[in-house]
Amino acid sequence: MPEAVLKISHLTKRFDDQTVLDDLSLEVREGETVVIVGPSGCGKSTLLRCVNALEDIQGGEIRIRGEEIRHDGKNLPEMRRKVGMVFQNYELFPHLTVIENILLAPVKAQKRRREEVRAEAMELLERVGLKEKADSLPRQLSGGQKQRVAIVRALCVHPDILLFDEVTAALDPEMVREVLDVIIGLAERGKTMLIVTHEMSFARAVADRIILLSDCRILEESSPEEFFTAPKTEQAKKFLQSFEFRRSR
Amino acid sequence: MPDLGLEVLWKGRNFIRLLEGLWTALRISLVSALISILAGILLGVLAGRKRSVFRFILRGWLAVIHIMPQMVLLFLMYFGTSRAFGWNLSGEASAIIVFSLWGTAEMGDLVRGAVGSVPVIQRESAEALGLKPPQVYLMIILPQAVRRLIPQAINLVTRMIKTTSLVTLIGVVEILKVAQQIIEANRRASPNAAFGVYLTVFVMYYLACRPLTLMSKQLEKHWR
Amino acid sequence: MKNIRRFFAAALVLALFVSVSVSISGSASADAVYRTLDEILADGTVNIGVFSDKYPFGFVDENGEYQGYDVYFARRIGEDLGVKVNFVSTEAANRVEYLETGKVDIILANFTVTPERAEKVDFALPYMNVALGVVSPDSRVITDLKQLGPEDRVIVISGTTAEDYLIKNNPEITLQKYDTYANAKNALENGNAAAWANDNTEVIAFALENEGYTVGIPSLGSQDTIAPAVSKGNETLLNWLNDEIRALAGEQFFHKDYEETLVAVYGLEYEDSLVLEGGGLTE
C-alpha cells in the first residue's frame, strides 16, 4: 500500500464556540484523487484551509509525508510548499503577468533557477492551452483562463499534494469544462489531489474515493461507483437527490 | 489687450527671481515629499499590523496634524524650538521638518488604508505558495497597495507645493513672496503688475504640478 | 495586553505633545536668546529683520537687492559696525517673535513704538514720526470712524499699530485682518471692506498712487514714532544703536535717507514732519 501523502488525525476546528470540524481523520495516498462533497457550509473549504495552515486548529494533527504542519512552526513556508492550493476566485496577483505569477514562488521562495522554471512553466501553459498568454496580465484573461493559470502556478511549486477549493464555482458554465479537463488530466498523470467540488459528474469521473462531509464529520467514504449508485447512508441519498430534478406530470 | 503690467517681469532679474522662488517652493515640498513617502510607508506598514502600538501613535499624530493649522506648526518649529530648546533652525529646515511631519502622518494613513484594502485572500494565496511573510509583504501586498495610493500621494505632494506659500511667515522667500515683492516695488510704475505677476505665478505652479498629475494619470492607466 | 499597549501609546503621544507645548509656551529658557554687540562683531554678520514688500520702507528691487528707508539705515549700521548685513524678510505679525527668539539681532521694519511692544522688546531712539490714517474709496470717503455702520468692515494688517488701536478704542468696528500688505491692498481694491486703517505714511502713499482713493482720516490717535528694536535686555547693542542715532544727527543722515528713498513717494512737503534726527531729542 502506497504511503500516505496527507494524514489528518482527529482534527478539530472551531470558530469561537462553533465547531466546524470535529475529530476528523482522513488519509490521501500517493497518486490518489480524493473528492470531498457535502452540503454548503459543512466545513469542506475550512478543511482545505487547515491543511494549508491558513486556519489554526484546536485539536488533532495534520502531517504531510509524516511531517507535522504546525501553524506556529518556523518551517511553515516550507511545509506550505508541499501543499499546492487552487482557490475558488483564482487569486492571481493582479500586478504581475501570467508568467511572473507562476515564477514568483519557485524563484523567490524555492531559489530555483529562473530559466529552468520558466521552461517548465511554458510547457505547462502550453498543455493547458495558454502559452501565448504568458505575458498577459490577469485582468486580460477570462475566468476559465485565470483558473488554469492558477493551477499551473500551484503545479510549478512541485507540491506533494494539490488542493482544489470549488475551483469552478465562480466560473460561467461554458468555462467549467476547460478547467475540469485540466484537473482530470492531472489525475490521469497520477497527481495526488484533494478536491472540494459541487460538480457531481466531474467528481464521479475524477475521484478514486469520494468523501461526504456533513455536520462536522465524515459521514461516508466510498468509491465513486458505490457512492453514486448505492450510497450507504440516508444523508448521502438525500444529498445526491438534491442534484436531481423531476417534473411531476 | 488689458494692461497686465507684464513689463515688470522683464525688469532686471525679476523673472529669474520668480523662478528662484519657485525652485525654493519646489525644493522644500519635494524634499519633504520624499521624506514623507519613505517614512510614511514605514509608519503605515507598522501601523497596519494588528495590535500595533504604531497604530495609536499614527492616530494621535494625525489628530495633532489635523487640528493644528500648518501656520501654527511652522511657527512652533521655527520660533518655538528657539524658545524652548535654544535651537536655531533655519526657516527652510523648519519648513521641511513641518512638511515632513505633516506628510508622514498623511502618507502613513494612506499606506495603512491602502494595505488594508488589499484583500486578505491575496495574502493567503501568496502564503499558500510558500512565500515568507516579508516576501508576501514586499512582493504582493505593497505593490498592490502602492497602486491604490499613487493618486492620493500625488495629491498630497501638489497640496504641499501649494502650502509652501505659508513659509514666507518664517522668513523663507518663495515664489509668492517674490511675486508680492515685485508687485510692491513696482506699485507706482506698474500699478497693474499684480495681474500679470500672479498670472505668471499661476502658470508656473501649473507647469510645476502638471508633470506630477500627468505621471499619476499615466501610472493609473498603466496599472488599471 | 492590548489595552495596556493602547494605554501606553495614547499616554506617550499625549505626554510628548503636552511637554512640547508646555515648554514652548512657557518662556522656559533662562539663557539669553540674543547676541551681544561683541558676539555680533566677532561673528562678522548682523541679522537685521526688514520688510521685503513694503515700498518704500523695505522692499526688494528688480535685481533682488533690499532697498528703502529702513534698509538704507540698516546698511549704514552694517557699515559703522564693520560687519556684513544679513537681511531677513519679516512680516508685521512676526517681528516681535523674531526678537524674542533671537533669530534676528535688530528689527528695522517700520516698527512703531508702543507700550505693549516695549514690554517684549527694547526700542532704540526713534528715527521717524508716524500716525495712523484711514483710506477709503472716493465713492464713500470715511472722514470719521462714526460713519462706519455695523455692516462695514475695516481692513488692518495683523500685528500692526492700527489693529491694536482699533481693538482698544473702537471695539465695535468689525476688522478684516490680513497677514501681508499685498493681501490687504488686494482686499481694499476688490471692495471687500469700507476702509483700510494703517500707518498714515502707508495710506497717504496708497492714495497718491491709486486713483479713486482718499485719505479721509489723515491722523488718528496720537503721534507715534518708529524706532529700531532689539531683543529685551540686549543692552550692549541697544546702547550702540542709541549712540549711532545721536551721532548720525550731525550729518542729518535721516534727511539724506528720506531724500534717497521717500521723496519720490511723499514729496518734500512731508520731509520735516516725518523725519526724526538724533531720536528727536536734540531738536
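A few remarks follow.
In order of appearance the chains are A, B and C, and numbering begins at 1 in each one.
Convention: contacts are C-beta pairs under 8 Å (C-beta built on N, C-alpha and C of every residue); 3 or more make two chains touch, one makes a residue touch a chain.
Please read these numbers as outputs of a predicted model, since none were measured by experiment.
Viewed as a network of touching protein chains, the structure reduces to a simple linear path.
Closest chain to the protein centre (all Cα atoms averaged), using per-chain Cα means: B. Here the two chains linked by the largest count of contacting C-beta pairs are B-C. In this assembly, the C-alpha centroid of chain B lies 31 Å from the C-alpha centroid of chain C. A straight line joining the Cα centres of chain A and chain B is 48 Å long. Put simply, the C-alpha centre of chain A and that of chain C have 78 angstrom between them. Looking at chain C, one finds that none of its residues touch two or more other chains. Listed for chain A are no residues, as none touches two or more other chains. Among all residues of chain B, none touch two or more other chains. Only residues 52, 54, 77-78, 80-81, 83-85, 87, 89, 91, 93-95, 104-105, 108-110, 139, 153-154, 157 of chain A touch chain B when the two sit together in their complex. Residues 1-2, 5-6, 8-10, 12-14, 17, 20, 23-24, 27-29, 31, 33, 52-55, 59-64, 67, 88-91, 93-94, 97-98, 100-103, 179-182, 186, 209-210, 264-265 of chain C touch chain B in their complex. Contact residues on chain B toward chain C in their complex (touch as defined above): 8, 11-14, 17, 51, 53, 55-57, 60-61, 64, 75-76, 78-86, 88, 168-173, 177-178, 180-185, 187-188, 191, 194.
Against chain A, in their complex, chain B makes its touches with residues 121-122, 124-132, 135, 139-140, 143-144, 147, 223-224.
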